[in-house]
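Order of writing sets the chain letters: A, B and C. Residues in each chain are counted from 1.
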């Protein structure tokens, strides 16, 4: 398995980070452990380690995302890397240049890492197959396929609150069908050995055969939340509302919105997560988003630490190196 | 007064910088003194002090402004801070996220300071009431309300030329009604104890009851300039020309444009200021803008020093600290 | 000649870099030598030298260009300078501010260098005549006039492969008429003393009297390539296709596209260059762009080194200084 995983180098170390699928338990744990070391950096007076000083990281955003781009930009800056923000949709490709030529041009500028956001599933993987050996590629979201850094920051957040992920019941609620976050989480939760992963949502938004990924399917929200330790709410793409897939926002909230009443079905120490940005009153009630079970803002903080960890690891550096090089 | 001033922490130190209104004389003088120390940084071969190294400053521009954003960006970089430029009008809020959620998300990323430009009066003040205790908010212009860093760089410029502000007569000329700069200056000039602040402009552009702020109103330009030490010209928003408030640009210049002839009414050593960008031939004649009384470009230089001073002070650092930490 | 060259200071050192025209052989060689020293920086683990630490460089792009802007941004960052990216077309000038006022404002912010891209020929030169003595101006492309950093990176690439430029035959192929790259290259090749510079293209795309620049004109591609050491392909502006100047892309490729077959007319060790972005199948066949004679990606790498060299030289610094100041 490791041998043909494009994400690993020949020594089994992380080279690219494209998907949580097919990674080993020990590697995921190693990412979480590295992030633990980096999470203190955000608390320091000087929020900076010199680990990637003199490295050049390019944010290649083929689809715009201020929030995700910002977290990668901050992670890079706190690692002391130089970062280029390239909004590719508005640049060279419109001049008729091929994607491959754009990539090779950035390589020739001695970039060390591409952080890729793309509307097409598989884009980051494809780019990883095209780049020179010294380049690492990090998937910042590709179509409906994967958003592995989001999944890992969620795993980090769960571990912070529940110590081990074993023996946990986790419910992922909402538009599973279109969610790259859900897909990456289902794989990560499986590898980390949770007791049960549930997906909860209307028939139209649950992929067929999703049980093959080892999850339990629930269409009733109360049943789906019954006895769970963790609820992961997905963002509802309101642009999908207009189609046949979804009833109105009001109806959706009636059936799948997370309210205090519904949350009472879960364990008393349940944590509530959401990748943001939140649609208050659509997928989650305001008092739940702001309530005592919510760890939504912690997820954001952990997102910086996880991205620092993954950026450092794919560059072959670990947090301990930063103490030496200071 | 200090007790209920949201801008100060419990020890009376500057925490946010939202308005010049209600600040003490000693605090304004302290800002000017700090800026004096920083003004030499721009002259050095290495224009950088490590005072805010490892701090993260977010430029939150809800209304675009290349010039003001650039001065804050430069000030931050010369203090060695990391800066994020967020054009909020084109990002998360368009996805239905509330302002409050956007702010808390940036907080969770361990930002230390928000520099806020917003079309609504009171926006920066509101944001300051919403953020976590460790965050400082600097108002980079809110609606028609305040633009306090512009006012302070103008005070700095006046002090440079006139030593003390006491015994000065200062005329502010133009669209007082819509000018956040004018409002912040009137307060600052009052606190710094000038002999007389005058506002000069057509009836339609002078707010009613402006005398309550302690200013003298003039509708005749020659009278308004008579014997003054300082003339502050305001930028005319030419988009207001089309409405009923203003005659044509030509007529406006005839009545309120600053010409050499008119300037002869002022004291021989008068200085002429303008916040920029200038509309030559609308509010000011080119030969005055470029003439020996003009200190317009000095204002720009001082703007960097003032913003460095305010950024450092709200973060609890003073210029002397930078010598230690180098 | 040196005396009235605005690009040189009174000691004959490079102050601005606006055009290759009229520069001395020794100065061009000095630029190439400096770039040689900098080219190793891109290969290092820490791709950074502290040569321009604390300097402020403004990218003034009046016409958008992600690729060129990125190379200057990277060069600046690798020299440790602070860089401001100003897209002027969308900023202050639309508020009615004159170009001159925009420039003086940036000067007053203590910028040290302006990198200028402008649609009008002569813009960078004009700006160099307007700025304060401490500011250096680098031309990043002005209209159809000059693109001297592109020309110098091409000279650097040729020298890398052919050691000396003397005794070389160089063909520049394509739309010579509209190409600022071609113009800057013709001057540079002349100064560096090549045996022969040829321009190859249809009658409509070759300027009249171009022979006065000391070049040989060819309208037949095979003849033009016969026996050359270097082929420089120009990018075809496909927006010109629609006019009367050009036949269809298909016809153009038939007559002037660089194919393997045509390239066989050149010397066996010919190198093929292109400033990018490439239109595959329009001006160059894919197998040639990717083939063993192509040095197109090396040009990109060399572009960073050349720009570092020119930035450092106009600031009066040389690569050796960086060893001292580390």
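One rule holds in what follows: contacts are C-beta pairs under 8 Å (C-beta built on N, C-alpha and C of every residue); 3 or more make two chains touch, one makes a residue touch a chain.
Worth saying up front: this structure is predicted, and the values here are computed from it rather than measured.
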item	value
Rigid-body rotation angle, chain C and chain B, from Cα fit (steps of 5°)	120
Same-site or different-site touching of chain A by its copy chain B, using the half cut	different
Chain A and chain B, separation of their C-alpha mean positions in angstrom	41
Sites on chain B at which at least two other chains make contact	none
In the complex, chain A residues that touch chain C	53-56, 82, 84, 86, 90-92, 95-98, 101-102, 104-105, 107-110
Chain A - residues contacting chain B, complex	42-48, 66-67, 70-71, 73-74, 77-78, 238, 276-280, 282, 297-301, 303-304
